[in-house]
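Lettered A, B, C and D in written order, each chain numbered from 1.
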């Protein structure tokens, strides 16, 4: 190979890169003006090393003082001025192309590290640095739709945060009525599935003996839950959420419970979007509960089907026989569940349709349409039961005509289920759910012509 | 640019890389035999994701079961089979060379990540994973001299551990007589500067009111100090360590102390070699002490000069006037300090030589010869005083003819000192030390002909 | 002295006592029926000793199972059957009367210990025993008005609880937004001075930087505050509570505050009535705040005057000149503060009257009429200021026509003030308060004919 | 009854008492001189109440400054000047004798409380007060043999401390290698049965998985264990202590252990002598272990027989047949166990004698001679086995010719055993121990003529 040629070529590329990177863009103004970018450069220098954490603190303070309108310029600078060192990258690439080796490939990796990664690592040294970086990324995520050129910055954020919030660094803590109020108020605020109205409502979720709540925490984010799951201990697998959360329900004594129901999982930190905790949380809580309550042997969710109605009104309708479409239209009236006869008609149509939605319908990426289904099936859970009128709240009726789903976590089957799902796209489901689909195919559902969602 | 040509070229490179990587080497045997390498592959697959932490635990258990002779094969596999994905790298490089941009440069970085980094991150998820990885790297470091081809693995270890043990994740804890024995025994074991003989000796270091000990801990390594510093509170800057550590010394009441003396800093985890904590530790302890004891205004080390004698017997001798060499030779007799007249002669020669050693002598890399000096000067400290007969233990006499050094930490000067040192190689020193050097240059020292250490 | 006579006499007394004590009264029924009293006897026997804590647990469980109607019989048994051992008492008394000595006097003390004291001490051994005994006394206190014969039992309760809740065993803890919800809900529930409406209101009391809340806890009563005080940090001594608690107030940065205002003190445990914690709490909080905030040098309460209106409508009226009585009558209309002219008239009458109320009015026991005044003056505080329209809530207007009082805690004067108050009944007051009284005596107040409250 | 007579009589008694009490004795000097006694009086006054804890702190500081020779005078003052109030006592007694009632008997109790009890309670309020009082009593106990007149003071100390260190206030904590060194050094110091030589020896007792150590703590005495017990987990009931403590023993994995052996119980606080913790400690540890290790079903001690040799050389010898006395005499030679034949002879004599010692021998108070036996039998344990050569240390041979004993704690039998022991003096023993006694009676032991120890 003509290495001189290569050498020249790559030098050219590097120069061009430098030129591109070095160009002070029109957006730089604000960032440079309050000195933030210069400080970030200083942070990367030996001075940053020597200052202990003072310089990092200074950068974070100045960043915090930016108003919303000033932030984009700062992120632009991170995108343009703190990317990989083009020259080093060119050199490393050249060395590798001339005589490839593991060493040289690895050298490219280190040569191409965007400089902002080290900026972030050094900012993290300051007291409160981790929390400040999580907030910073939260700001960045909000800017992405309007500023796709900042995605390159987010990629580095996402990479570093995923590494730092590695499951091995997380601590599982039970949340109960002895937890600090500063944590509990966040549980109220972050609950995303079944709203917690106030402190009394919160107490009903975490204090009774048949209720549990667990959260992951990171040692650097004190009093900030990352994700939490709410659990009900019951005798049997429940099919509806309103009775489960009713104030006047009869509690199951924990020592008599056979089933643990995960009825709500909520992420708390928008700045950690994309760092996945849920899978680990559910599995560790299963282990905790097995240790504490050996009689509990069924671990199951009671989950929403948030995409069902939307799918049904679009692709799903094609599957509905003409004669049944009228019944479907009555779903717009929120009082339909109270008309027993009507509800019966609707059920006959919708249950098989729901089975189709979960088992057959696919996105263009050939994945199940329902996002909650994708999460639990991806975790290796089994689609256990489709529950009619499981959630009769306005939200439940609006999103899924009241349909709720149980996903079963059987730790012995999880790897197998996952592989079937991951490798061949198989949705592992109970016989009952499969029967529902078949009943539909034999009966009311119009022929499924390979419909994609 | 001829992109077809490039495309072909890079494909070729990638193929060659794959060939190289894929080659099952002769060392693979053991690793493959107990299935470790296959398990690492599984860990990277979706199955690894679904298994929660079970697979990671399994890998760590099997690794722990390897005997010393079996480990190299495992690390070889990590080096050969878990490097960057050559194909992805080739593609990313090609895209960048064709039309360079920040995005594409960053894409190279992610495409070139050695697969073992993800292996390490997934192993870290298991309970006790972090500690296991630190131990694993300790094993690797021992193998490096004989197996330089494993350096590529160590680079990834070093990178990840530095990121995970970022100062922002460390917790400073005071070590005292209320600390758990499991921590204290490690202080005894890891003390590397002035040996702690037993528990009574330990108590004298941490329990009296004029003594302090602080350590950094990481939340994932319970009861394992990472680095610790021992501090004595004194009226004045001390010049000798034996009186400082004497059992029967008169303690300075903390509220009367004006000086905090850092007389010993020890790293504890060999597996974290290269991750630097010392700089941060000293600076945070300075802040802690200022808060607790506002009267203390001088923060100073009492440090060894571990390279002095070695340097003196080689390069240093050239600087010694012929007439003085005889005195130098008597240093071999460990009793020389007891002969006052002789000691006086030696001092007249060695003190200026020590000043030269610290201020003028340089390594081939143009840095100060003394490793301890490099550390403290790099932190921004000032060379404050050279102490004659500061350490008359056999070790002290052997390494440095008893010379000890005070480095002064003046937080207001630290950045400036550091920059002078980093940018122009200036060793910031007190007037007294400078005088010592000048006295030597005017007097006994032979002309310094740009001698390098 | 005729000792035979004595001997006989005392034996007779003892027998009569035994007869009295032994009489199974009609109320015994319930207690005996569920075996509680027999179990208490067993508890006092060697069997109680051998059973560890099992028997004590059993007694407490059975007591807890009593319904409200069954409790009196149990307490009657404690009164009748578990008093002092008459025979032992007679013997000890006889020995002492025959030849008095310190030893023999002390022996009487031990001989006369009511057996229920040992019952209580042994019950306390059970897990949760202390809390159970505090609850038991709470029940007893409710029965006392209807069952004065149970006072003898309460005396023993009070004695033991005062000894066990000795200030040396109490722990001061700051209550803030990081405190457990299980503690905070009790702060909401037990606040007795200025009601806390809900969790948001609570947060405004304990979370802002210019607010503090401290409570005493006992190690055996986990998560149960005994008493707490709410503190506001302010620039100056405040005269009114509504602005102090207003949601939209401007907070004083703690480092600028010069004054700490104790605006609410509440006891939490009815079962500990009569065990006084308030004096110690205020004094320790003063010390805490002085340590944390050296600039704060004024420690003052903002206190209600709960007895003022009641006193004024009875004894106070005699002091009001005929011409002013009409103005006083308008106090029944809660809107009077809004009529400035009227309010002015009322003030001219009521302020001197309030000064009289605090400085001159006395109970039949020759103590100040106001219970809050008695508490703070007894603690050695000084009556610093009488505040017009300090509390314009319905409660404040109803109890004290809106009058509030500042009591000043000057640790250097506390012992002196206390002695003046305790020995000569002197109400130590500021010159301003004294002037108010004199103005009244010279002006509007009718001559005070030695009026007692 | 002639109440006037009584009234006069009791007044006389009271006056005489006052005279006696008031007399300033010759020993008062020192105490009064440094103002301690006056301060104690002040402490009892309202001033003491108002001073918060300052006055109490002052008294404790001055007491701590007393040298050993000055302490007796202080305690004398407590004995003489701080006893019951004679006048109040006379009045209360008179009221009771005139018309006895429960109320009046109880009133005597409170009237006769020695004033020093309130002194102690008020001293306890000071920070560190509880610890100071425990030390004060330790001093007092040392003075008692020479100053029996101080017993009256000790009685009050003992009473208050027993009430304050009620089991309900104690906290059980496991002691292991994670415990603070400040606690562990006390375990080394206070171990009274089988000496702990150094920190390595300590570690062997508390760190291996088959070892446990538990202690009671009181919240007011931080880091001060009150009593601790060392436990070994074993397969079977052990008969000898040296193998149990051997450094190179094979550990029983805790999950395989069936037996928990309490081989050492030590009290730590001399100032708490007479407050019994051991009974509660053993029983709670049994419960802890049953919870943690359900397979462990035998709870047994391995105990010394500290009084055996002393008894044998006095009373026991009478039981030894003339022919066997020579063998007994060889016990003076500490090497006797090494001569197997001799040891066999001795065993034949001593084992039955030991059975007699435990089962038959009685003190003049008709209790078992052995103090350790009295403790465990009083707790309801059963004498399970007498072990030949159980402790071959010089101490073991000297005290008990090497004999050790297992006492079995069977929670289901404990109350029954205790009652048999307490009511009829029965030593509950295993059939094996009883057989040993019978064998002796049939064989070598001389007829037991109702020998008392």
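Note that contacts are C-beta pairs under 8 Å (C-beta built on N, C-alpha and C of every residue); 3 or more make two chains touch, one makes a residue touch a chain.
Keep in mind it's a predicted model, so treat the numbers as computed, not measured.
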Checklist line | Chains touching both chain B and chain D, listed by label | finding: none
Notebook entry, point to check: From chain D, which chain is the farthest off, judged by mean CA positions?
Noted result: A
Margin query: Taking the mean of the C-alpha atoms as each chain's centre, how many Å separate chain B from chain C?
Written below: 62
Next item on the list: Give, as an integer number of Å, the spacing between the C-alpha centres of chain B and chain A.
Entry: 39
Next item on the list: Two or more other chains in contact with one residue: find those residues in chain C.
Entry: none
Margin query: Please classify the inter-chain touch graph. Allowed labels: line, ring, star, complete, other.
Written below: ring
Checklist line | Chain-to-chain touches, reported pairwise for every pair that qualifies | finding: A-B, A-C, B-D, C-D
Margin query: Give the list of chain C residues in touch with chain D in this complex.
Written below: 1, 9-10, 13, 16-17, 20-21, 46-47, 49-53, 79-80, 83-84, 86, 89, 93, 96-97, 100-103, 105-106, 108-110, 112-114, 121, 124-127, 129-130, 151-152, 155-156, 159-160, 163-164, 166-169, 171, 219-220, 279-280, 283-284, 378-380, 414-415, 417-419, 422-423
Checklist line | chain D contact footprint on chain B (complex, rising order) | finding: 177-182, 184, 198-199, 203, 223
